[in-house]
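The first chain written gets the first letter, and so on, giving A, B, C, D, E, F, G and H; residue counts start at 1 in each chain.
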Amino acid sequence: MHTKEILEKVRSGELTPDEAALQLKLEPFEDMGFAKIDHHRALRQGSAEVIYGASKTPQQIAEIAAAMAAHGGENILITRMHPEAEETVRAKNPDLWYDPLSKIGIVRKNFQVNTDGFIVVASGGTSDQPVCEEAALTAEAMGNRVVRLYDVGVAGLQRLLSKLDILMQANVVIAVAGMEGALASVIGGLVDCPVIGVPTSVGYGANFGGLSALLSMLNSCASGVSVVNIDNGFGAGFLASRINHRTGHQGGK
Amino acid sequence: MHTKEILEKVRSGELTPDEAALQLKLEPFEDMGFAKIDHHRALRQGSAEVIYGASKTPQQIAEIAAAMAAHGGENILITRMHPEAEETVRAKNPDLWYDPLSKIGIVRKNFQVNTDGFIVVASGGTSDQPVCEEAALTAEAMGNRVVRLYDVGVAGLQRLLSKLDILMQANVVIAVAGMEGALASVIGGLVDCPVIGVPTSVGYGANFGGLSALLSMLNSCASGVSVVNIDNGFGAGFLASRINHRTGHQGGK
Amino acid sequence: MHTKEILEKVRSGELTPDEAALQLKLEPFEDMGFAKIDHHRALRQGSAEVIYGASKTPQQIAEIAAAMAAHGGENILITRMHPEAEETVRAKNPDLWYDPLSKIGIVRKNFQVNTDGFIVVASGGTSDQPVCEEAALTAEAMGNRVVRLYDVGVAGLQRLLSKLDILMQANVVIAVAGMEGALASVIGGLVDCPVIGVPTSVGYGANFGGLSALLSMLNSCASGVSVVNIDNGFGAGFLASRINHRTGHQGGK
Amino acid sequence: MHTKEILEKVRSGELTPDEAALQLKLEPFEDMGFAKIDHHRALRQGSAEVIYGASKTPQQIAEIAAAMAAHGGENILITRMHPEAEETVRAKNPDLWYDPLSKIGIVRKNFQVNTDGFIVVASGGTSDQPVCEEAALTAEAMGNRVVRLYDVGVAGLQRLLSKLDILMQANVVIAVAGMEGALASVIGGLVDCPVIGVPTSVGYGANFGGLSALLSMLNSCASGVSVVNIDNGFGAGFLASRINHRTGHQGGK
Amino acid sequence: MHTKEILEKVRSGELTPDEAALQLKLEPFEDMGFAKIDHHRALRQGSAEVIYGASKTPQQIAEIAAAMAAHGGENILITRMHPEAEETVRAKNPDLWYDPLSKIGIVRKNFQVNTDGFIVVASGGTSDQPVCEEAALTAEAMGNRVVRLYDVGVAGLQRLLSKLDILMQANVVIAVAGMEGALASVIGGLVDCPVIGVPTSVGYGANFGGLSALLSMLNSCASGVSVVNIDNGFGAGFLASRINHRTGHQGGK
Amino acid sequence: MHTKEILEKVRSGELTPDEAALQLKLEPFEDMGFAKIDHHRALRQGSAEVIYGASKTPQQIAEIAAAMAAHGGENILITRMHPEAEETVRAKNPDLWYDPLSKIGIVRKNFQVNTDGFIVVASGGTSDQPVCEEAALTAEAMGNRVVRLYDVGVAGLQRLLSKLDILMQANVVIAVAGMEGALASVIGGLVDCPVIGVPTSVGYGANFGGLSALLSMLNSCASGVSVVNIDNGFGAGFLASRINHRTGHQGGK
Amino acid sequence: MHTKEILEKVRSGELTPDEAALQLKLEPFEDMGFAKIDHHRALRQGSAEVIYGASKTPQQIAEIAAAMAAHGGENILITRMHPEAEETVRAKNPDLWYDPLSKIGIVRKNFQVNTDGFIVVASGGTSDQPVCEEAALTAEAMGNRVVRLYDVGVAGLQRLLSKLDILMQANVVIAVAGMEGALASVIGGLVDCPVIGVPTSVGYGANFGGLSALLSMLNSCASGVSVVNIDNGFGAGFLASRINHRTGHQGGK
Amino acid sequence: MHTKEILEKVRSGELTPDEAALQLKLEPFEDMGFAKIDHHRALRQGSAEVIYGASKTPQQIAEIAAAMAAHGGENILITRMHPEAEETVRAKNPDLWYDPLSKIGIVRKNFQVNTDGFIVVASGGTSDQPVCEEAALTAEAMGNRVVRLYDVGVAGLQRLLSKLDILMQANVVIAVAGMEGALASVIGGLVDCPVIGVPTSVGYGANFGGLSALLSMLNSCASGVSVVNIDNGFGAGFLASRINHRTGHQGGK
């Protein structure tokens, strides 16, 4: 619809065709040289820009976050931010909130639940916790209620089955598991909501950095399961939020 | 809740504990020797049992389908059913509908849309059509409206951009692509609904049977994208239906 | 002990050192040119020689089986024998028994249970049946009682849980599964006997010919699980027999 | 049988159905937030819970071990515990025993042999020793007698053949080898007991982190061999203990 | 620039904004249902649309080719067209030219050289010829002069060195090789023009379907070498044509 | 032609055959023991020798660079030179220029554009910058004008489309991208010049060190795209320079 | 030395430099269009050209063989020649000898032993025979005495040990084995001559087409072992012949 | 023959059968607990035991070397010995010679050439030197003359061709190369002696730790080439020595 508005202004003479072409090109983002920030994504996609911190310098993270905050952004999410970066980023963004376990930083944190239903984050073992928290905090930053079910791996089924009532009320389940990744399949056979599998690199040997859990989840014999990248807690949380927000008042049924 | 009912009957004396234990075990499925059919899954999971035809004999498919129909099932979906099996299956299930392109068979077909929103199935090229149709027919069998956007691969962006209005109204987009699988990322950057990527084995050489598209989609730089197995049109259609059915009246916004 | 007997005969003068050296070399097997048959293995290892039929000509299989039978062998097992070989093998071995599903042939079949306990063969789905039967028939040919639990995959947990009593009484469980291979982990968490995982090549796409289930089982989070090669039903049945035969009278506890 | 007891109490009125349902869910484990400890596993599976130390913080290990000890556990096994964790764990568990080579820690160590037969742990080379010791100590902690045969790789067959009498008396053999992993196959052809292959990551180049030995063992031409994950000494020791404990008085034959 | 024209017409009133938006979307391609043909690509990219025949039905190929011919196209290239499709395609396109070795079909063939310089297609062995011809014919269909140097593999260096004068005059060299793929590196060290490596699937064993030659070429120690997909003769010919057409009058120096 | 001169001198008696044979062998390079420097390559291949710094000691780099400078070389390029080597190399080559981001060092730097057209270096994200700069600086050192378009990944198409005019005027485009590597395909569909794809190892999980982007680019559905090794910015810059220098005065059309 | 002769003729005036340059280029091979035959290789390398039949048409094989025979070649070896090609090749080469097991054809066969020592070809199982015979016949065609030791796999060590005297007298041992490929390591530890490992694709599942045996042999813990490609019996026979021919009169010691 | 001596003593009464059996087992090696040293290997295999230092503690290396020296060994080779181990090993073995580049240590070094011919070690680039020196020093320690040809990679063919006379006189050539590993193929096509390829892990990106060069060498289109493990300089030097020592007086022809 934005395109049409500009075209309307061309017809009405408010804009020359040249000006219109320029505007179509220049408007949607701010060019910082090393990065181009899209302040309109929130409008188009219902979520703020997220900063993938893994391969950025603390200085770059600090500047991008500040630029976003200057545009009025809230819950500016920084993923994979190394603890050493905290000080530099906080210098420019004094209201930074930081969780060293999940390596998530949030500038202008303001967690407020704006949906009826909830998201379950389930994990196979204690070691999957960093990925789980990345998923859970991402979803919470986007306005979702999150229920954590940790250490419910399939080698001790009764731990999982004892939480069946919670699982069956969820709008989305995020199943986080390393090793053989069977959790996604087992949960997928128990619930009737979408299940997002997050394979983790937890394990050793023929785990091959998470390949084992990844293939396992992709080949799930349960329907209703889809998969994101290894250790991609953020991606799972983001997607779960999209699904949860679209879910109507039947949430919890 | 089923468990509680049985326990209530134990208290009221309607059932002995032994009878209850037996019932908890025996009731939920019908054992055909070579297969165990779960007639209650529709109740628990909101969808009928699906027959994965790839590794079953025509005779086995025919019998399972007939047993399901006998329980009153509709839209009994048979996936990956080879054309040679058609005759045998139809003999026992005269109302079989069969599409040789997607290799989908449906017994007691009855397509009726029971949701407000719609699902888009988009494909990179003509060769991805069998997988697309598997996804589309699966979704349609589950009561969804499906819009097909075929041959909109990223090497000719204008083909995709010209359909932007449709894409942006969808409740879910299924992005089917082989080769480099970039379609999922590009669509993921354009829409604000969940995107399900289906890598296909279309291609040759360093495609390695779909590995190329699979890795590409798993590493998507766009958020909101998850992935199912290579060529798994059924899985995508099933999951899309789940999401679409949960989506409230804001559908189509 | 055989070596000592020969050495004793050297001391007693019954054998010259040269004769002894010769005997140590030549005695243990019969050289048929294209194959060397070990008639003493039954003595040393408690089982007859098995013929791996996959890469032998029907004529070769027929001759090896006949040579074994001539030495008084029973239950001479031929694995992966193509249906086309049946006629040729039967011509030389009229008492051949053949099962086309598992591709197992047995010459001088004589199934007699000679152990107290039993082995369970459990499978994830109908399509795993050929591998299951290879395992079950191998174990039966070696004197074991076998209980088959087919189509109890983890996507419908109640099917598996309903058989828990049988599983928990077994001396060994063979868990056969393709796709994500989670069955081995789930069973491994439920029972206290050894579990042998057999990944199968059943599946498609990122299954990569059974790699998915193989890695899944190798990375099992349940203890007590070990793995044999993809589709290696024979190996699992053989090993299960070894364990079952060694198990004392506590069998079935 | 536990389920039945609860149901009996429902019939007799000792428990309401709701209380029963609760008990079925809550009883079997202790929830520590970051982990769920299963104190009943020893009953169900004949072995205490084991703590996989690799991805837990020293503090977490210390607390889980203490909780287990508080329930009266003995020989509480901690695997892959980094030397740096020793001090923290010992602070809470003063009777900790720790072996830096195998990285095994044991709280309330009490090695007492409770079986007739014995387990052999054989290794290809000096470098496989850490994995060997993980296997051997695990088996010893579970009440087994263990005989160590180290550095008997196939490139110097006489080293292995000179120990043939010990090998042939074992109830189980654990064959630990890196590089080409041929040890499992050669031992598999010599003995008539179950052989558990443990591929190690020892080697370089086309060893690919143990993949070479893993594939080699999975493809063993000897029957009676199964495989656990790369470097998984614990898994092999645990499984060997299960088999050894089930073996009756024929041990050593 | 096309966009600007449309905007100019909006200003001048020739088009309403709605009409403009429509035109921006609909104009660039013809929608045939199963495929979208881009008749303007020749204008934008200097080459006609090419039909990838591998996964299209003969009927689809025939219709697309006919539609292109109807728009005045020449040298309509069909790649990977199976011999069985020839008759069907020729029925609708009587002027079809077809080469069964390279599986290339050309409708309205009209080879006319329109550049000064030339392209060399060099191959390691006789078996690489189908891929070579795909490359050579593609380049010829796009107006290039092509010199073929076949069977000049590095195991017999004198065969290659004897053609050094031709190699050094080329504007582009396409180096086609299977097995170890060393040809690209050796040529890359001898010439000063761009070298396009085409790994082929020719070989066996550790060749892994062309992976060996692909990795070899990607790791070339010679500078100036880039690589296309395994067996992708078309891609190499297309790219070589682009480079050759851009090369000025110094061609052949 | 050099060979002919020597042969002419043999005929004229200036050289004996033995002297000629010697000269043919010894002349073209300078042997430094650990390396052989080819001072004539500039003549033969239109570019100076480049020093691959990754696996050389600072001392070796310093000596090779000095030897080249002594022969009158300019813009002596050192790639992958660790910051720690800077001091040692500068000691022997005081005019060393060094960029720690791309790890490029240049001795006797003298950037002068000697072509009409220009090269575009486009990148998917901020994290790809080191590889981008390696490509850009290499091309600039060889006399090319370079336009940098950073952070124009496909997840935000409008960032790329806003630069379409620049892209379409380039003589060559270098597309640098990690993760799913879709940038090369999308650019390949937009421009009509050669596109060189550089997959980067940026990413995590199923990225497998750049394999994901590599396979994606090799399987590009866009024509005109070829690929160099993962992170090989130098190779792309070198090849782009070759193509740009061969492009005649139509540059910029 | 050939180069020098030509240079001498230039000095003496017998050749002009131009003629010499031409001769250096054109002389060494005969160009048949689709192949370039090197009739001088026998002089330079002590062996006739070999025809790799796998990817050549019967007609091409027939013509190359005939051209070689016309130059007086003997024992012209054709490898991987499909049985269907026999008739066509024999039509042009009536003295063709053909072995369908190894797929080896020989034109003008004349086996005469011209060395003192001998080569052993040892195999793990009956199924490796085609590769063994390719190796053995290749070596015999090149004048070697070959001793075949088939079916001496490591799962029955006594079969191998009984042949130790023959193994220890060999000049070279070719160890052919599929599955886990341990034969090469075991033999490598027993003999003091070079051992050439030939992994075969015999096996299934995690054999991955021979990868298992290949990695196993490359990682051999025995010294003195090198490896050729999977199933490459010809390469092993050729190399063994080279080594055997270079071995002096100590052969057989 | 050793076996026969013992048997003769049994006949003559010098040994009882039991004593003989014991002697056959115990004699050939010295058991140091963590390692078993084979002092007779020199007799059986013509070379001293070699210590693979990579995974042994400095203390272990020191003790094994000292035990060997105590048995009169010379040129006791320690491979992959980290520089930090030097001091500890030298403490117990004062005559240790150590080369940090190749990480080779030699106790009681005494290099004396005892063959006529020589071995060439050729390398693709400067970075392959550590592997080259491991090969060269191993061969020298075993009495061979070694000629080093370093930095003769195929991207500058004239460097290699200028050394053709040396290459063609060698008894064996060891071709050491990383990246695309083409050196082995090119040398294999030029010489008529055995060529041992050593792939190195030198490179980056799609080199995958040496996989690229390994596959390249295994698929060599030149005959007479075999391959050892990645970076296995020792294995190549050892094997080359075996071949060189067996080569008669025709050496250098």
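Please note the rule applied: contacts are C-beta pairs under 8 Å (C-beta built on N, C-alpha and C of every residue); 3 or more make two chains touch, one makes a residue touch a chain.
If you're wondering where the values come from, they're calculated on a predicted model, not measured in any experiment.
Chain centres computed from CA atoms place D at the largest separation from chain E.
For the self-contact between chain F and chain G, the two sides draw on mostly identical residue numbers; the shared fraction is above half.
Put simply, the C-alpha centre of chain A and that of chain E have 41 angstrom between them. Averaging Cα coordinates per chain places chain D and chain F 54 Å apart.
Taking each chain's centre as the average of its CA atoms, chain B and chain H sit 59 Å apart. Looking at chain E, residues 125, 156, 205-208, 211, 214, 218-219, 223, 229-230 sit in touch with two or more other chains. All chain pairs that count as touching, in label order, are A-B, A-C, A-D, A-E, A-F, B-C, B-D, B-E, B-F, C-D, C-G, C-H, D-G, D-H, E-F, E-G, E-H, F-G, F-H, G-H. Within the complex, the chain G residues that touch chain H are 44-47, 50, 171, 191-194, 196, 214, 218-219, 223-230, 234-236, 238-239, 242-243, 246-250. Listed in rising order, the residues of chain D touching chain H in the complex are 125-127, 129, 150-152, 156, 158-159, 161-163, 202, 204-208. Across the interface of their complex, chain H is touched by residues 3-4, 7-8, 10-11, 13, 16-18, 20-21 of chain C. Residues of chain F that touch chain B in their complex: 124-125, 153-157, 178-182, 185-186, 188-190, 203, 205-208, 211-213, 215-223. Chain E makes touch with chain B in their complex at residues 24-26, 28-29, 33-36, 38, 41, 52, 54-56, 60, 199, 201, 209-211, 214, 229-232.
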